[in-house]
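Naming follows writing order (A, B, C and D), and every chain is counted from residue 1.
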Amino acid sequence: MNGEFLTPIDAFTVIDLVFMMMLVTVGIAIVRLKDLFAIVMLSGVYSLVSAAWFVSLDAVDVAFTEAAVGAGIATVLMLGAMLLTARKAAPAKPARHWAALIIVCATGAALLYATVDMPSFGDPLSAPNAYVGLEYLKQTGPDTGVPNVVSAILASYRGYDTFGETTVILTAGLGVILILGLGGPARRKKKSVAAKTAAGKSLSSHHVVLRVVSKLMIPIIIVYGAYVQFHGDFGPGGGFQAGLIIASSIVLYALIFGIDAAKEAVPPSLVRLGAALGVLIYGGVGVINLLLGGNFLSYNTLNPAHPTHGQELGIMFVEIGVLVTVASVMLIIFYGFTSRQPDISDKDW
Amino acid sequence: MNASFAPDFLTWLPAWLVMQSAALLVVMPLLSGPIALVLSRGRLAWTWAIIISLATFAMALILYGQVLEHGSVEYAFGDWAPPLGITYNIDALNMLILLLVAGMGVLSLFYGLPSVLREIAPKDQAAFFAAFMLCLTGLLGVAITGDAFNVFVFLEISSISTYVLIAMGGRQDRRALTASFHYLILGTIGATFFVIGIGLLYMATGTLNMADITAQLRLHGDDRVVRAAFAFIVIGLGLKTAMFPLHTWLPNAYAYSPTVVGAFLASTATKVAFYAMVRFTLGVFLPGSPFSDAFLGLVLAPMAVAAMVICSVQALYQTDLRKLLAYSSVAQLGYMLLGLSMGTMAGVSASLLHLFNHALLKGGLFMGLGIFALSFGVRQVQDLRGLGKTMPVAAAAFAICGLSLIGVPLTAGFWGKYFLITAALEKGWWWAATAILISSVLAIFYVGRMLETMYLQPAPKTKGRSKKITAKAPLLALIPLVLLAVANVWFFVDASLPKGLADAAANVLFGGGAP
Amino acid sequence: MIFAANLLLMASMTLMLVRLLRGPELYDRVLAVNSFGTKTVLFLCVFAFLIGRPDAVDIALLYALMNFIATIAILKFFRYRTLDVALSRMQRRGENS
Amino acid sequence: MSWTPELGLLLLLAVPLTGAVGVLALSRWPNLRESATLLTGVALLANVTLLVMAVDTGARPTLTLINMVGGLSLNFTLEPLGAVFAALASALWLINSLYSIGYMRGNHAQDQTRFYLSFTIAIAAAMGVAASGNMFTLFVFYEALTLSTYPLVTHNGDEKARRGGRIYLSILMGTSIGLFLPAVIATQVLTGSTDFMAGGLLAGSITPALASVLLILYVFGIGKAAIMPVQNWLPNAMVAPTPVSAFLHAVAVVKAGVFTMLKMSVYIFGLDFMRTLPAAHWLAWVAAISIVLASLIALSKDNLKERLAYSTISQLSYITLGAMIATPLAALGAALHIIMHAWGKITLFMCAGAIYTARHITNVSGMKGLGKSMPWVFGAFLIGSLSIIGLPPLAGAWPKLMLMMGATDPINRIFIGALIVSSLLNVAYLLPIPVRAFFGKPDVKKGKIPAAPRLTVIPPVLTAAGTILLFFAIGPILDFLRPVFESGGMQ
């Protein structure tokens, strides 16, 4: 302890510990609070902290995803969900508290029990670092030509898992379509005229700054999304994060200019199609590989002469598929939540 | 299995198709989901789903042929060799499940059209079939894969689509929404436990490929991380399997979901989760380690017995037909878990055989109820009155499946119980055999009550709808039901297919020489 | 030095966290969240220098963008309890009521 | 294609099942439908006769129907005991079919197609039981018999019938799945087969303690043998129409039960082994108590069919008793009793049905003075009663004699007492009925006395005549059965 405190490892450990304490504090606060609005904000903070922590743990890609999901779109979607329910959580039965506490304690005890035999943090000889992980680090360059090992693993080595995850996202979107609906297309004619006149009248209002800034921001966000998409091979990022970012830009548009305007720009039918299309693009790459004589998602077949070019090409298309589905499903959820009338209101409680 | 049985149809087919059948088996229904969503017309989407499900079943048959010929099949995605990439590994154990799920998928879809047209809003029908195909995909994907994390991914596909499908019963009965929500909460906890378990396993072994995990565990030995992983995985999958104290989601979920969903899930979903449990407890973790033996014998077996007895009693007291069958399902899962907890080849083989038969008979029972519900709005036991005369064919098929549930000889259900008792006696677990018998006797009562009401009580003089006339069940729905009833008799007479597969599967797990 | 900057940023994050948890008004919390987001962005930038990986700056940039959207959504919800109507029309509605 | 014993075995099942299809196909034309039933009966009887002749000449036809999984098979082997049961069931089934036609039409019963359909399936199941070559096959057909007779028991469809049916099904299925099945499985696990073997499959291969447990499982698991305390289904099943009661409770179901009991003791345990088991002795006591108790209960019943039901319980336990005493003579007596009791009891049941069809009288107390208007019916009833009591020259005399002769060991002598007490009780509860009918004064004189349909009168007279015939035909029957108990019966 003495004197060695400022060696790098220990210094980072301090940062890790502080973030961990913050996470625990925020977590407990979320459990204890009843005000759903405060909980939404706290969960936003939770993901900010965890993303920062992930960076300090050197898990940049995870932090990137956490940032894209937790900070922006998740908050908006949770607010959308809140619109459909009440402001405050209903009190739970005490018996449930105890049951939950027992389960949580048992789970924690099992995890603590396991920690004794866990490899120490960062141990280069531990199984995850020494075995397949090391193999990935060695092989990614020659096999795929992609500098970012994480991208190579996600989109190529374990590309089939990513295909599955994309399908999970589509399934979630499908669930929203089936249970909540998309709220139909934009309420056109009359309403849009009304919107225009309203827009004209409110020019003088103080929202004008916001609107102008947003109009500036939206293209920047989209360009940034494109950067994340295509830079994914080199740095953190990829189709999933890019999809979230692009969806966020449309959410921002909807927040400022109204859901009808957003639906005119990006109609629900298009979004529905997009959700399906992304998975089809991803699977389509696999099917093409099949037709070219390889196994499913065997990108080498795309360019047999230069397998690494084939890999790069395949990863690019696959990431586009992910982008399309993710962005579409996020909008499906946003449309589904926001264009639905609440079943219950505060007065019901 | 005998190689001389290998069907020569493999030689007629293009080699390419045979080689890719493992991938196509899952990828075809997966891609058909989004396409069905785009088709956006109910009947069109249904036709499409039927075509794909038939093709999927054909792929399962091709794979079966390969398994018969080679014993096992491996398919590497992206042509990446196992520890790096994801592989599908098909052996007798998952072949049984694949055949079952693919077959039930076809039957359920044929069965489903009339009820879907009735129960689901027209604008949602295409999306409904898309969700159905994704559910099928997820179940197939869990069963076929040889990669531990891939199990999780496909488990999620099947779970999320299942939540959605169950919630679609909300148009008939709003309670479907709470049932679905309840399942969602518990299912998510289960999935989380499962993924924690996988994470711990990765921590201990550094690999995700199941066969490789086993190999690493053999080198690495047993430690606390592995034990914790075992416990997390069993509990996580236990929630999905509706293992006894974790089954609370199941009765409502089955009772309020759309009829076709109830029939499909009852015959496949818990079975696939149970398969995953068998695969992990005996196939991935080293069988015979003191910890896993203790866990199976001291934790799983009592739970299984409790499920068999307590849930059979609960089934006795149900008035809602689908809940009755759902509780009976939990009890029957107890049989399967009991066979697993024996940890012997005979026990596992018996429980897989019971799994197969139970899928056939429970699917048939739910389909029968669906037909009755479609024609007469039957929900309660007393609503069955007089149906023996008004719908003779459907009622007879329902009755056969019911007898099979009891385990009467001349029906397939008999074999599962027969071999379970044999396995229990061989292990010296006379108390387990007793529990099986008690539960079977209870089954006589709850099945008997349904059949008696159906055949012996006169039809009520209903307002408007007269039950006097013989009602025509929708033919499309009736055919799968009758097929299942016939299968229930056929697999008594000639149980060599399921029994052979179950034996070969148990052989895979216990490694008793080449299959 | 850079490390000290990091620690200071974390200290101010902790202070914001206290305000967030203590409230007392909902508005205080909104402000605290926004400020916390800004601190996180700064932290990530500084930390990127500390560990010598510019990747973290990408994340900071992403945060800045996302936090903007989230803050607008929170404020809109806070003020009007809806997300779907255009802000310009909302203005009128707010004045009339 | 010429007839061979193996083909005959197949026909045992094929003929009634074809008949069932015929009944179903001809359901719209009652006369044709009944012709199909009778034709089936005749064909079956002819087939069985040929088989009996073949078995008599020493043939033991064997047929493996299906080889099943797990080393099990549906396997038929006809030996003398089975041949006797098959002959009995098919002969009485034909007579009973005639009677059914009269009864069902006389009472304008509903759902007659279902009735005849179940009836033909039931006889197929009984034939399967008779010809089973192993315990597993027997168990399968035993269950099939339970299920196929359930619609017959609940035929009337009212609340009472449903209640009776519920008890019938739950006791029979409960005991068979809960006790009989584990016994079969245990047999399979212990010996690797369930085949009926001369001298006993289990003999010598398991410890007496284990064998005793198995024996208890078997005896109480074979609920159709109606040993107390699993007898309650039998009186409850009396809600069925009388032809059903006649057939089920005199011939097919109960006799399938005691037949199984006998098969079990001869071929699974082996008589020699049985005699060494203490459990067998105690079970003999249970049987003896059943005999006496059921007779006493019969005495207290006024409803004729209920009285006959308890009488059946008592008489069935004779057979169980014989199987448990397990001396060759006692077992032979038990086997004879299967035949002789069947003829006597079916006569009584058919008479009861005839009385009901003609007069709608069910209680013994209401039968005073009926004898004059129904001389044939009550005459047959008298003969049947005397046969049950065991008076020569009626069939019932032989088995009682054999049973008593088989129980002369000091340890078994007490059972002779039980048999005598029971015979006296038989006299007390059976004889008053015909006596009162012939000599009592009718309560109310009615203007017109309806006659019983002819088809309900002829069959009981036939079977009553049969009881006399059988008394004199004892020689060939003994010769036919003796190999079973002396040399094991199987070759």
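In the analysis below, contacts are C-beta pairs under 8 Å (C-beta built on N, C-alpha and C of every residue); 3 or more make two chains touch, one makes a residue touch a chain.
What you see is a predicted model, and the numbers here were worked out from it, not measured in a lab.
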Q) Which chain pair is joined by more contacting C-beta pairs, B-D or A-C? A) A-C
Q. How big is the gap, in whole Å, between where the Cα atoms of chain A centre and where those of chain C centre?
A. 18
**Q.** Mean-CA-position distance for chain C and chain B (Å)
**A.** 48
(Q) Please tell me the distance, in whole Å, between the geometric centres of chain B and chain D computed from their C-alpha atoms. (A) 44
Q: Would you kindly tell me how far, in whole Å, the mean C-alpha position of chain D lies from that of chain C?
A: 89
Q: Assign the assembly's chain-to-chain touch graph to one of these shapes: line, ring, star, complete, other.
A: line
Q) Among all the chains shown, which pairs meet the touch rule set out at the top? A) A-B, A-C, B-D
Q: Flag every residue of chain A that touches chain B in the complex, lowest number first.
A: 107, 110-111, 113-114, 116-119, 126-133, 135-136, 139, 156-161, 163-165, 167-168, 170-172, 174-175, 177-179, 272-273, 275-277, 279-280, 283, 286-287, 290, 293-300
Q. Can you name the residues of chain D that touch chain B in the complex?
A. 66, 68-70, 139-140, 143-144, 147, 151, 154, 157, 161-162, 165-166, 169-170, 173-174, 177-179, 181-182, 185-186, 188-189
(Q) Taking the touch rule as given, give the residues of chain A at its contact with chain C in the complex, in rising order. (A) 11, 14-15, 18-19, 22, 25-26, 29, 35, 37-38, 40-42, 44-45, 48-49, 51-52, 55-56, 58, 60, 63-64, 67-68, 71-73, 75-76, 79-80, 82-83, 194-195, 198-199, 201-202, 205, 207, 210-211, 214, 217, 220-221, 224, 228, 231, 235-237, 241, 245, 248, 251-252, 254-261, 337-339
Q: Could you pull out which chain C residues touch chain A in their complex?
A: 3, 6-7, 10, 13-14, 17, 20-21, 23, 26, 29-30, 33, 36-37, 40, 43-44, 47-48, 51, 53, 55-56, 58-59, 61-63, 65-70, 72-74, 76-78, 81-89, 91-92
Q.
Considering only the defined contacts, which chain B positions touch chain A in the complex?
A. 16, 20, 23-24, 27, 30-31, 33-35, 37-38, 75-80, 83-86, 124, 127-128, 130-131, 134, 137, 141, 147, 149-150, 153-154, 156-157, 160-161, 163-164, 167-168, 170, 177, 193, 196, 200, 202-208, 216, 220, 223-225, 227-229, 231-232
